[in-house]
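Look at the two complexes coming up: chain A is in both, with chain B in one and chain C in the other.
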Partner chain A sequence: MTEAIKRPRRKDPQKRTVLPTLPPTSRSRRALGFSVAAAEGRFVLQKCDDCEAVTYPPREACPKCLSMNLEWRDMPEGGKLIAETTIQTSTNVYFRERTPWRVGTIALDAGIPVLAHIHGDIAEGGRVRMIARTDKSGQGVLMALPEQETENMADDKQLRELTCDPKHRRALITDGRTQLGQAMAKALSAAGASTVFVGVAETWRPFAGADALAAIPNVEVIALDVTDTVSVNELASEIGGKVDILINTAEYVRAGGAMDRDGIVTARDEMEVNYFGPLRLIQAFGPGMRFRGADGVNSACAWVNLLSVYALSNWPAYGSTSASQAAAYSLSQCLRGEFHGSGVKVLNALFGPLEEDWRQHLPPPKVTPEGLAKAVVGALQQGLEELTVGAVADDFLTRWKQDPRVLARELTQPEGA
Partner chain B sequence: MTKRDARVRQAYDGVVAAVPITIPYQRYSPEPAHWWIARALGELVRTAGITPQDIDGFCVSSFTLFPDTAVGLTQHLGLTPRWLDHIPMGGASGVVSLRRAARAVQCGDAEMVACVSGDANHVDSFRRMLSSFSRFAQDASYPYGSGGPNASFALMTDHYMKTTGAMREDFGKICVAQRDNALSFPHALMKKPLSLEQYISARPISDPIALFDCVMPCAGAEAFLVMSEDAAKNLDLPAVRVLSTIERHNAFPDDPIQIRGGWEMDRDEFWAMAGIAPDDVDLLETYDDYPVISMMQFEDLGFCKKGEGAEFVRGHDLTNGGSFPHNTSGGQLSVGQAGAAGGYLGLVEALRQVTGTALGRQVEGAKTAVVSGFGMINYDRGLCSGAAALAGPGA
Partner chain C sequence: MSTNTSTVLPALAEALVSGKIRTIDLTHTLDPDFPVIILPPEFGQCARFRVEEVSRYDERGPAWYWRNFTCNEHTGTHFDAPIHWISGKDLPNASVDSIPVEGFVRAVCVVDCVKEAAADEDFLMTKGFLVAWEAEHGKIPEGCWVLMRTDWSKRSAADYLNLRDDGAHSPGPDASAITFLIEERNVVGFGTECVGTDAGQGGHLSPPYPAHFLLHGAGRYGLQCLANLDQLPPTGALLICPPLKIKNGSGSPLRVLALVEE
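Take a look at the complex of A and B:
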């Protein structure tokens, strides 16, 4: 049984902050296919299209038939622990600081053995359930979990290194005026976040749900306007050292493309919130989070971008907003690069049409704010970096992965979306 | 695929190995691999009474030569060989170099082959080597705790103990006997006696492996010459005949975890070609970066049955004066692991023992030796294995 993690005491400002170190980052280019899937929480291995052999570690050719047609396929999660060791000493600084560290050999139900991190609750010779996640280096790794849920399972020291569990962490939600921001606050509080800072622009202006928001346990409503650099910087100077998870819920959505709009005022507002907003937040909060990536139980761990799935490919019906979301999506890749070395993950949650005023005329299926909040908190608990929410987004991503240029063609036709 | 008859393989008639050279090891040294290899080559030439120009075959093993290979060394060291080989097989390097060189001499491609292995060990060498050891290690083992070979062998040991009933005491007996052998070997880095109690209570490294299960990485070099029997006679060098060799890579790839090495595939041919049986062997030099793999070599080479390694150890005295002299210089566990030179250590020691020129305690009447090599944990298991049966002048 895993011992429950205790809520950390207030940080001693005289003590040196532990600097982030990383598990090994280097991988072959082929192995990145595994990391891509792990970022989505999928456990894939290469499977030969010709002889069906499953193979690992990542290879260029099938070791059974020398076929070059190895494809990453989802694998059955089951397996059995056949050998284990607890590493007490390591040449790598990251592991050296975290020993003892349990690893083992798993005979997978998929038919081959793999080396994996081992959850503390797995019994000797026990059945396991495999997960693939990105570690602090951003690369995919395998971890074996107990087949059945155990008490405080998520608090396992090694598992928590892979996840961004809000439990005992402090989160900042950038816009609490919306139903989405309020649902997110509720979900984070329920997930055990110790403080949920919720930003509200123009605090003097009333908004629906304000009282209920303030009544959520551990919520602190604070002034924040992502379109105002001074406001963002002021808040960062106050709470920048205690934001472990930042969730950017601010968005500016208007229907319409480019040709039928008069001037660039709306487009500028879209960019102001959707692109310059995250840019300001990154400049104000990024450095502090990057510094605190290994700062104990409540280390900085995740930056969450909530983006319309049309960030991936422009939907002319919301063409101008799509463009600003695409800018934000592109920026998220830059942010991931700049966070490398800190262990802070960037989670991009791409959602389909949201159940809210500015998308009122769109047909179902739609994503409710509560559904999106629940999915994001779930993804944090799992340590994911990529997430789609809702049937529209799932379908869109599938088509995008199949062929982004075919999807682009479809989107430019009248019934394309 | 049909198994080939051992008789179709030609014997190593007329070929010998001679001039065992060890350059004393150092825990850390600022010198590069080139320095260690040059020293060993110089010792070879001086001891044999030849000139560098007499060396027309050159075979090199080293992990730390980068950016050079054997090619760069020819110019660096002023050699003009007509036969050149580079054997990157870690613990199997010695046996494999010997069998390559023996065929070259036998066929006339070279007359005098210098086989040299050497490695540097700077303060941060080991960590750097582990992090870039192989593509599979980089992709799929180093990111899991970065335990290096300690963790890989810990998994093998854990599994071996669970499936065979071997105890830590059994592995301890191997280590303690080797330390006993090392106390008389002048080049061993470990100079203090080791008791079973010390072995058992040592600092844990990667459970069930503790400190004295692990070799100490160091710098050093080992070398020998391969030439015709006549050449050795003319130079008045004690010479060792090669009765048999085997080599195998990536054996049993479908075993979920390593329980055996390639020796098991080839041992019948090995003994048939040698014309001797395990009982005829006076001493055995196994590759011993961890005791579990020595135990597997006892089994896979046919000294005992599979799974009975521990019982075999319990039934024997493994010291140089005992019933089954094993790793007679102390092995890597007590001498140190000088990178690829670790793959030469047992072979060079066996050449001394069967020619009656041991630097430490001589195994009485030693004439016949078996040397076995094992190397390269590419991902989860050692891929290279090999063995050689050797006969000294009196055999």
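Take a look at the complex of A and C:
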């Protein structure tokens, strides 16, 4: 059985920080479809549209009928471990530093055998549940987990390499003035984060929930204003080396588009918070996190962007805010590129209308701050990079994947959203 | 220019050097975290003071340090021009760039309301209070500035704005005091230590925001977020408060100085 990992001791200041190394990175363009699904936590394999054969590893053509119509399809997660071994050394530096390492062959319920990473709690011949996740190089890999939850299952050394579990890690929540920030602090604390730094801007303005926020175990309320470069840089100077998970909860949302607005002051406020805010945070906290991607049990592991799903496609009723969120969404891709090689994952949580003041007049279904916080913590525990939260966001993403231009047409028509 | 035969300015210059006249800074530092007035969220808000480095002896400019700063015309210690309020919108020469500069250097009376403000955070200074002040310190001279001293500038940021769920709570003048200063004393302007020339609850007075409405309607000026008023005598000091010359500006952050005779 997996042993519970202990809260790490304070770092030996004489020891050099271990630099991130990577498992194999290269994938064919075709194979990236697997990584895309893994980032969402979906287990997919190629299935031939013509002969229905399932195939793995990724191929350009069906090995059975040579058809080019291989499509990524969701697969049943079950299987059986039929052979396993423990690797003692490797020519790859990443694995060399992490041996012994279990791998094995799984006979999938989907009908084919696959080679996968193996959780420590599975015995040979045992039933397994397959997961697909992105690894430290950002590529999709397969891991077999015990079919039933085991004690301390998440603490398995190999599994923890794929996840961003907040347990024993230190998180920074950038805005604790809102219900969302407060719900996030509560959820992180409950998930075992050793410290939850919570930023509060303009302490001279009282806010609801201040006392309850400060009373959450392991929460440390600190001054942070994402619209103020000096404030962001000062905080990074103090705690930049101990932020393992950064969750940007700051947002500025106002109804209205472009033509209906008078002037650009509100749009500028939207950009200050929604775009320049993350940009300031990236410049201040990004380099430290990138450096600390392999820094032990509490290595830097995740950057979390909370974005309205209308970042994907503009909803004119909130047109100007949507544009600022689209800018932030675009920036998240740049961030992924810049974090590549560090082992730090960028998690984009796209949510539907949130239950909060500036979206009060929108009809349900809405996402509660608690629901969003729970989903984000769950995604960190699973090691996801892409997440939609709420029925509106789920539906929106489905339509966006089907045809983003049809979705755009719909959005620009009355009642389109 | 004809030869200056006056002895006033050379004497003043000499007194400034000798220390017989002291220069007092009545200005708060422009700091990103200094409180600004908070309006209902549906309205446009006062921009906070912000700075962004352009270079700091680095690859962006190897030998020089300079920054962009942004703020509202009413951020930090600032000047209100008549055009700031709707009552002054049609007055001539009512923006900071067109106001006659004479009003920027004037005598100043400082009305001590410290005790009253400490006892009542919503203290309203009335005409009666000013009349009583004059009985002790003499008549407020024509064309001067009148500053309301409350020691509010010494409060912590949260207590300074003193925001509660029914709005801000801070002292200020009522309509009778402002009307008296304009019509019976012909002052050039009125200033406070608080975030505005009006009381925190000034929106509930009649007319709403009497200092803003009446002062600016009569072409007079406002100063707010002043500091160090405790270093000024009730009368006899000279105020220097030129705002930035912003085209059509409704106000401007500024450095406010006072000259005080030892």
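The working rule: the second predicted complex is superposed on the first by the 417 of 417 C-alpha atoms of A that agree within 3 Å, B and C clash if a C-alpha of one lies under 4 Å from a C-alpha of the other, contacts with A are read in each partner's own complex, and residues count from 1 in each chain.
Criterion: a residue touches a chain if its C-beta (ideal position, glycine included) is under 8 Å from a C-beta of that chain, and two chains touch if they have at least 3 such contacts.
None of the values given here were measured: they were computed from a predicted structure.
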Examine A:265 and indicate which partner it touches, taking first as chain B and second as chain C; both and neither are also allowed. second
Looking at the overlay, does A:105 come into contact with chain B only (first), chain C only (second), both, or neither? first
Mind working out whether A:116 is in touch with chain B, chain C, both or neither, as first, second, both or neither? first
If you stack the two complexes on chain A, which partner ends up touching A:229: first (chain B), second (chain C), both, or neither? second
Who touches more of chain A, chain B or chain C? B
Scan A:205 for contacts with chain B and chain C and give back first, second, both or neither. second
Where chain B and chain C land on the same part of chain A: residues none
Given the complex with chain A, which residues does chain C contribute to the contact? 32-33, 35, 38, 44-45, 48, 50-53, 156-158, 160-161, 163-164
Mind listing the chain A positions that touch chain C in their complex? 202-206, 223, 225, 227-231, 265-266, 269
In their shared complex, chain A is touched by residues of chain B numbered 126-127, 130-132, 135-136, 138-148, 150-151, 154-156, 158-159, 162, 203-209, 253, 256-257, 379-380
Seen from chain A, its contact residues with chain B in the complex are 23-24, 26-28, 30-31, 56-58, 63, 82-92, 94-95, 101, 103-105, 107, 112-117, 125, 135, 137, 139, 141
